[in-house]
Amino acid sequence: MDIASLIGLILAIGLIIGSIAMGNAPFSAFIDIPSFMVVVGGAFAAALICFPMGSIMKSPLIALKVLLNKGEDRLTMIKQIVELAETARRDGLLALESKVGDIQNPLIKTGIQMAVDGSTPEVVEEVLRTEVEAIQKRHKEGKSIMDQLGRFAPAYGMIGTLMGLIMMLQDMSDPSGIGAGMAVALITTLYGAIVANVFFSPFAEKLGLNSRNEMVSHEIAIRGVMAIQSGESPRAIDQKLRTFLPPKQRDAE
Amino acid sequence: MDIASLIGLILAIGLIIGSIAMGNAPFSAFIDIPSFMVVVGGAFAAALICFPMGSIMKSPLIALKVLLNKGEDRLTMIKQIVELAETARRDGLLALESKVGDIQNPLIKTGIQMAVDGSTPEVVEEVLRTEVEAIQKRHKEGKSIMDQLGRFAPAYGMIGTLMGLIMMLQDMSDPSGIGAGMAVALITTLYGAIVANVFFSPFAEKLGLNSRNEMVSHEIAIRGVMAIQSGESPRAIDQKLRTFLPPKQRDAE
Amino acid sequence: MDIASLIGLILAIGLIIGSIAMGNAPFSAFIDIPSFMVVVGGAFAAALICFPMGSIMKSPLIALKVLLNKGEDRLTMIKQIVELAETARRDGLLALESKVGDIQNPLIKTGIQMAVDGSTPEVVEEVLRTEVEAIQKRHKEGKSIMDQLGRFAPAYGMIGTLMGLIMMLQDMSDPSGIGAGMAVALITTLYGAIVANVFFSPFAEKLGLNSRNEMVSHEIAIRGVMAIQSGESPRAIDQKLRTFLPPKQRDAE
Amino acid sequence: MDIASLIGLILAIGLIIGSIAMGNAPFSAFIDIPSFMVVVGGAFAAALICFPMGSIMKSPLIALKVLLNKGEDRLTMIKQIVELAETARRDGLLALESKVGDIQNPLIKTGIQMAVDGSTPEVVEEVLRTEVEAIQKRHKEGKSIMDQLGRFAPAYGMIGTLMGLIMMLQDMSDPSGIGAGMAVALITTLYGAIVANVFFSPFAEKLGLNSRNEMVSHEIAIRGVMAIQSGESPRAIDQKLRTFLPPKQRDAE
Amino acid sequence: MDIASLIGLILAIGLIIGSIAMGNAPFSAFIDIPSFMVVVGGAFAAALICFPMGSIMKSPLIALKVLLNKGEDRLTMIKQIVELAETARRDGLLALESKVGDIQNPLIKTGIQMAVDGSTPEVVEEVLRTEVEAIQKRHKEGKSIMDQLGRFAPAYGMIGTLMGLIMMLQDMSDPSGIGAGMAVALITTLYGAIVANVFFSPFAEKLGLNSRNEMVSHEIAIRGVMAIQSGESPRAIDQKLRTFLPPKQRDAE
């Protein structure tokens, strides 16, 4: 589990709550439901205008994925590819049919299945690459939604603060209420800054990083399937795929 | 119908009106016709300087298109291409002449008509690609107008607020009027922030997304026409074009 | 004449003057010569540091060009090229010598003259392309000057306002003068925002658009000259060049 | 040692401390632990969400690397490569085996070891280039962490200031405390600006520059190893690699 | 001499001094040594962290170069190349040896010397291109230093103003001092805006423009040397190199 993101999130929220606790003002001074609705609701509304309904609905899932993303174990993946290559070398490509059910990586599974079914290497590669491109496009859209939320949240925070200031300025008969009115007006800007800098912007960065990492795993999978189909020796495949690992892992058993 | 954009728009406007309703200030405190004219009029004036008259006149239509855009049903398109391919295979290219009237997609229509008229594949492809490039250029201009409106609206909002502040500061003999004067000055900035973040910026994003999606449909159309003209088998065409669909749709009947 | 830019400019200025007229403050409250000099003079001074004297001197002309730019009539251009092609086909390339004087487009004129003088097609194309590149470089510099003016005007506006505030804060013995002092300080920021968003930034955008349009006309001219020199049939030239026109114009006589 | 970064850092900190010392306020007026925690803690928390734990943990080391980076002595490197080439020419590639232990540059070491072990030049080059790409990726991540810290620090500074203002506005019963309250609120923004502009942003720039410089050294190493393996004359290798040096160093012994 | 930059600089400074002179406040109100040190010292300190000591030390020289840059006279350069070509044609390449001492352009000098010494055209071109790349890299670093100074100066201006505000807010016992305190605080922001917008940013732009211009001269030099070495006719060289001149200069004697 990608514990760094979770720790970071808890730390950021903890620091903000801690600062409030250390101050003199009660917690209630920082809670204003309408302000929260303008910022978060407004950012989601703007995102709804920008993206299809289906993509927006999936965005909480995408956020969860940032916190729970485990990363593919590339070494295990390479070992499995090498094993498949050994079977294919010893008993022929068709012998892989019985093993397809055990493969977890969907790209390797699709590729091996197609190879067993007799598709030509060109067709197999094209299908796998089209698939990876589609995955990449979905990742980009996910990151893009977070980016837009992180851009619209402060904008709606400013809209809320401007509305609060206008209301406050409209009625200045009671000078003692000015401070409180202004405090409420500023809360919307605070909410916009918090949701953008604690959630949306860092999550967008993380999604970009995760996507770049996943692309490397996909490349290993495609190269592995192509090498198995072209009958390369398991040892050569092992050597070739291990260049994608960091130096320390390269010589691991 | 692309209901997400409409829902997003209603939600954003609803949140803003709702926040005002929940406050103490009357609605009238948020209405100022001259401020509205400076922001929206100013943004349109700046856009008029940037773009040809014809493109600006079409921009309300473009905005409507964001709300009502339905998206091309790519599966239906592929099925129609496969049907045309079957007819061409069975009865020859010329047999397609009677079917041209039924084709709705303008690119496929133009392409098939040209193929029937005896144009070479190279000429057909060049004409279709030139057409798609022209469509893309129009899309880019549409997005660009929205982008510029979203950039000039807050700028003219700031201009209006500065003018309001200067007027207010000019006459501070009546301290009780300062609050109201400042409120009016801030309304222009509020209007600029609202029209940019509720309308222009999200609409620009959406137009960009729609255009990228449409380009995929155009690619399917061109590839389909080229495949029909070169006499490929309907089954092969079907397989090839379905790689453009998301995985779930690929096996649909 | 490109009337949109002129209308946009008049509209933007009209809106600003109208808003002032509707307010209570006299026009004189918005006029401050030193502020104007700091903003416009400062922006031009910064541009003088950035660009050669000659380019800066031409910038008012460039601004005028935005307002009066007429656009090349591409259809007429294509017709003239086709006419030249017909003459060349009928009476030989040398027969074009007598017609060179009538050609208005300078690129076509240079190209035909060179062809008549016996330059090889490679040399003709290289000279014409070098010329177009030089035109494009001049356009880019023109746009770049407007961009920099639009960036430095608000910066000098802020400098002026800061100076005004410092002067005002220096002498607060007479509280009744604070408002007026602050109003004057803000005028510089207002001027910076107005000249950037009414003139420089939209003009820069327009110059970019005009340049991209002009490049298409230059491409038609070069392709036309090359086709004439290589002896293509007038009908083929006509067809080929018309793909550069929008669909509606393509079948025009 | 890259003394410029250290001098710059001391100078920047000295200027800030000096300015405070020259003012009337005590140093304690600029110290506020909770503000410091919100800014630095918040920026690190946001970075933790963006990047894997391991990369974040290494970031203080990376910062230290900026201060202590010595740069590779390229001339010495080239001389060593030429020496190896002379041995290889005189006594054969295998004679390099005894010298591998003396080579300090890890890329040259790996490359020569592989060459001695009989790997083909293609394999040697691929392994070295993959290694350099991995180094470059690590450098990019290091710079990216500094960039994000430099972006989030001012954002959390603003969050802290907004919280301080809201607390202060909540309780304005004692007007004499308003000034002090506002001062404390502003400290968080000050901290955000300082850590971003004294540490994170300049460090990110420096890391980018260091990485670009290191890439040149890596290129010299790879070209050198390839030239040795292909048996080029030591003199030719010397000439070729010296083109990577600045002109003044090129003729050095 | 590039008099535009000098005039621009004098004009910008004159406008600022003039505005102060026209106001009521004394000049001394705009002078604050500690503020100046925080802004300029801070920006240089940050640049010291980003760049090697040597590059920073050369930056005042680079700034002077902006003011005094004369530009290469390309027509004279072409004429000299043509002259060298005539000698080479008439008396052979070796006859150029006696003329090398008279050549001022260092690239032409190096190239001709190498050609006379018998280097192959490939080697000559590679050495000259490597040299031009190194020049370009130095130019980029120079521009980059100015860009960073123009970015850090306003940042340190803000840091100084925040420190001033915190000091002022700390001690509000004497209301009459608040105005003056705030004025001093704002001076740092003013200094940051002035040094960025009068010096660093325009100078960075100018350095970029100068570098692009110089690259064209270097291209003429390289092409000329290559043409001389390959024995092209002086007339052809003249024609070819003149396409790099603006149209008006092209037919000059």
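As written, the chain order gives the labels A, B, C, D and E, with residue 1 at the start of each chain.
Keep in mind that, in the parts below, a contact is a pair of C-beta atoms (placed from the backbone, for glycine too) under 8 Å apart; a residue touches a chain by one contact, two chains touch by 3 or more.
Note that the coordinates shown come from a computational prediction; the quantities given were computed from them, not determined experimentally.
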item	value
Touching chain B and also chain D, the following chains	A
Inter-chain centre distance, chain B versus chain E - centres from mean C-alpha coordinates, in Å	44
Centre distance in Å when chain A and chain B are each reduced to the mean of their C-alpha atoms	27
Multi-chain contact sites of chain E, meaning residues that touch two or more partners	none
Pairwise touch network: line, ring, star, complete, or other	ring
Ring walk, chain C to chain E and onward	C, E, D, A, B
Complex contacts: residues of chain B adjacent to chain A	2-5, 7-9, 11-12, 15-16, 18-20, 22-25, 29-30, 66, 176, 179-180, 182-183, 186-187, 189-190, 193-194, 196-198, 201-203, 205-206, 209, 243, 246-247
Interface residues, chain C side, partner chain E - complex	34, 37-38, 41-42, 44-53, 56, 126-127, 130-131, 134, 148, 152, 155-156, 158-160, 162-167, 169-172
